[in-house]
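Some structures are shown below for you to check.
The same chain A turns up in both complexes below, where it pairs with chain B and then with chain C.
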Partner chain A sequence: MRRYGLRTFALGYLVVILLAPVAVIFYRAFEHGFWPAWHAVTTPDAKHAFLLTIELALIAVPLNTVFGVIMALLIVRHRFPGVGFVNAVVDLPLALSPVVVGFSLLLLYGRQGWFGHWLIAHGYRVVFAMPGMVLATIFVSLPFVVREVVPVLREIGTDQEAAASTLGSSGWQTFRRITLPAIRWAVGYGVVLTTARALGEFGAVSVVSGRIVGQTETLTIHVQAAYEGFDLVGAYAASVVLALLAVATLVLMTLLKPKEETR
Partner chain B sequence: MGIAARNVTKRFGDFTALDGVTVEVETGSLTALLGPSGSGKSTLLRVIAGLERPDAGTVLLDDRDVTGLPPQERGVGFVFQHYAAFKHMTVADNIAFGLTIRKRPKSEIRERVAELLALVQLSPFGDRYPAQLSGGQRQRMALARALAVEPSVLLLDEPFGALDARVRKELRVWLRRLHDQSKVTTVIVTHDQEEAMEVAERIVVMNEGRIEQEGGPQELYESPASEFVMSFVGPVNRLDGALVRPHDVEVAIEPNGATEEAMVERIVHLGFEVRVELVRADGAPLWAQLTRDQEQELELAEGQIVYVRPARATVFDH
Partner chain C sequence: MWQAGQGGWSSFWDAVSSPEAVAALKLSLTVSVLVALINAVTGTAIAWVLVRDRFRGQSLVNSVIDLPFALPTIVAGLTLLTLYGPNSPVGIDVAFTRTAVLMALLFVTLPFVVRTVQPVLLELDQEMEQAAASLGAGSFAVFRRIVFPNLLPAILSGVAMAFARAIGEFGSVVLISGNLPFKTEVASVFIFGRIESNDSVAAAAVSVLLLFISLGVLLAIGALRHYATRFDHA
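Our next item is the complex of A and B:
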């Protein structure tokens, strides 16, 4: 009996905390039928916001994936002074509020900022433009690949890599043929989390973007703007798009994962 | 000379794993590095393979100085205690790995892999994954993988250490036969003196980063250079400052001049061998190794008083 009690509790918790809010969004978006929602997400501004969000993710995710794998290799496979510091700093984006990240970027790259002054004098805009938003997105979505890959690298140990090297394999060949296949699921899961984070980012990007409609407005900012402008259907519909993107990412991952390796 | 390591020193932090070790291994021989854990035997093997960089000293393979070379340029085969199987590859792909890296033609690789699968008696298992093999099969696969690239030197790091006793014994015999056929210069690291004696024609005993003694199995057993070697290559009793092998303890029913009194505490039958555990008058324990026939002739019983005498004792200067 107690078992059922626990199950009911777990399910109830999920429904109340996770599913109900998402369900309400879907309900509200399509309350007046499909077409109002469709029109709301196909306005030029909404489409631009959608494409901008995808673009940011397409830049941030590959960079953080490559960086994450290199970082994980450094942390696990190399002994150097300061490795503990590196390991701790990687988690900074998880601990730091995105809004603070946004402001720190403003302080660095803004008109009065340390780098910003020089950059603007030489004709580069970082803040209130694409580069700043890319930096913010990369910052907040940085730890996920590292965090997924590090424990797996620890678990597989160095024997396989050592064996490959005695068999004539160079460092790069060993990485490609031995290490990468061994960590591929960790990398994949890290990529999913990174993507989800990049798509959903609001705080940091909101601060550095300047929220210029049709220019630096991402999908999350678009939701907020629509809501503030009493365009409730627009806000709900754009939210649905964000939710669908998240679901698509998860489904893609599940499809990529072959059945035999679910352990 | 197949392998020569000269004055090799290796430290890990404060710990000195190897302290100026010099070892030579003749081409085509099978040598065992024997010692307790922490004696430096595995480190020495890894230094030879290039998996560890020595702090001082040189390594020569077939008279070529390889000290500065990475493992992939040394032409060694290495077998790890825990197999180091490439889990995401089939058995055949595991074995083919070194050849694939060397970009040999596909047909040649296929032929060679089939040959090696037969050699290690895994022909039906080429398409399986390592996870579907037993420990002994996995280690045979690892051996085939190491042999595939025709290494000038084969290095085995406690290769049977993770296997159960029966499989271990089988693989020892099999390895010895394999070596007799292939004649690849081989070094096997082990902490099991029986394994070293059964497999190797030459044994290097190591302790605390140094070499205690080198020699053939019989030489080490019969004329150990130190107390450490004597007690490591076989069981010993301590008798009035001397070391005595249990099979050199003579047990008699009647006293006979030089004999000492002892009480039979326990008799353990191990098939052909019988272990007689004794306590001397002063309370010191002692055990004698008798054959079954000897024991039956003496008609020993637990609690009985007998008279013991070392047939052969060794005293080391400290």
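Our next item is the complex of A and C:
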């Protein structure tokens, strides 16, 4: 009996906090049928916001993947003073408020910022433009690949890599033939998490983008703008697009995870 | 961030101790502590049900746990506002209250404790529990004396991540809280407001505080990890 009590408690909590709210958003978006929702997400502003969001992810994810693998190799395979500190600091974007992230970019690259003054004088706009939003997206989605790859690298050890190099393979060959195949699922899983975070970023981008409709408005910002402008169907419909992307992420995570465990 | 130090210690102090900043920080801290405590209980319970229980649809539930990581925070806030807001289909309206802030934070922090406790529980050898039970320990005693001490480091590091996430959360709170100063305005919304009104000093001062809290939590988790695995490299 107690077993059922615990099960009911755990599942009930999930329904109240998580599942019921997400289900309602789908209901509200399609309350008046499919076409109003479709029209709401195909307005020029909504389309622009969608494409901008995809574009940001396409820039941030590859960069963070390469960086993440290099960083994980550094943390696991190299001993240098402060490695523990670096390991903790890599997680900072997970723990730090996105508003603070956006604000620090603003202070560095804004009109009165450290670099901003020089940049603006030379005709570069970082804040309230694409470069700032790219920086913000990269920052917030930085830790995921590192986090997934580090434990796998620890586990596989260095035996095979050492064997490869005694047989005369170069550093790059060892990495490509031995290390990379061993960590590929972890990298894949990290990439999925990075993509989800990049697509869904709101706080940091909200601060640095200036939220200019049709120019620097991402899909998440579009949701807020639509809701605050009483365009409820628009807000719900854009939310459904983002929620579907989230569901796709979950499916990919589930597909990648078992393979990683049975490795 | 160094902007905060530009006016010297006293202007930093003035900015942080302004009544509105204090109210926002206090709200963020208390709600985050509450969120951490609730997560310690619900997260452990969910992890337990996922590992030790068997029921239909379990693997689906297991995948759904990660939804708050995958779903954009602004969408999370909007979904809660739709179900528990002014036009609630179930007749519950908590919009623009502190309860709403609490619920939003519970939504976004849900996976942390579950995902740290789950693997430890999976690895945990059930023989110890069976031995204790055969020696006459009740199931609560088994949990308290055998299972709980083994899970504690994982629970603590999950709770710490949830706390750090909660204290800086912005997207999910911004719509549902209504951002009423002194009532439902959390620290990150306060910072956002100050940036909008060009009050960099106040924004930077509160940002620095949040930054130090995040760093502190991360270093604490690192120390905890080190402590929990101290016998692993024997």
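By our rule, the second predicted complex is superposed on the first by the 250 of 263 C-alpha atoms of A that agree within 3 Å, B and C clash if a C-alpha of one lies under 4 Å from a C-alpha of the other, contacts with A are read in each partner's own complex, and residues count from 1 in each chain.
Here is the rule we use: a contact is a pair of C-beta atoms (placed from the backbone, for glycine too) under 8 Å apart; a residue touches a chain by one contact, two chains touch by 3 or more.
These numbers come from a predicted model, not from an experiment.
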Q: Kindly classify A:Gln160 by the partners it touches after superposition: chain B alone (first), chain C alone (second), both, or neither?
A: first
Q. Just chain B (first), just chain C (second), both, or neither: which does A:Ser170 touch?
A. first
Q.
On the A-aligned overlay, A:Pro181 touches which partner chain: chain B = first, chain C = second, or both, or neither?
A. first
Q) After superposition on the shared chain, which partner residues are touched by A:Arg7: those of chain B (first), chain C (second), both, or neither? A) second
Q. Which partner, chain B or chain C, is in contact with more residues of chain A?
A. C
Q: Would you check which partner chain A:Ala129 touches, where first means chain B only, second means chain C only, and both and neither mean what they say?
A: neither
Q | Which of chain B and chain C A:Ile59 touches, first, second, both or neither | A | neither
**Q.** Residues on chain A lying within both footprints (that of chain B and that of chain C)
**A.** none
Q | Residue ranges of chain B in contact with chain A within the complex | A | 49-51, 70-72, 74, 76-78, 80, 82-88, 97-98, 101-102, 142, 145-146, 148-149
**Q.** Contact set on chain C toward chain A in their complex
**A.** 1-3, 42, 45-46, 48-49, 53, 55, 59, 61, 63-76, 78-80, 82-84, 89, 103, 106-107, 110, 139, 161, 164-165, 167-171, 174-175, 187-189, 191-192, 195, 200, 203-204, 207, 210-211, 214-215, 217-219, 221-222, 226
Q. Can you list the chain A residues touching chain B in their complex?
A. 159-160, 162-170, 173, 177-178, 181-182
Q.
Can you tell me which positions in chain A touch chain C when the two form their complex?
A. 2-3, 6-7, 9-11, 13-14, 17-22, 24-25, 28, 84, 87-89, 91-92, 94-100, 103-104, 106-107, 112, 193, 196-197, 199-203, 206-207, 220-221, 223-224, 227, 235-236, 239, 242-243, 245-247, 249-251, 253-254
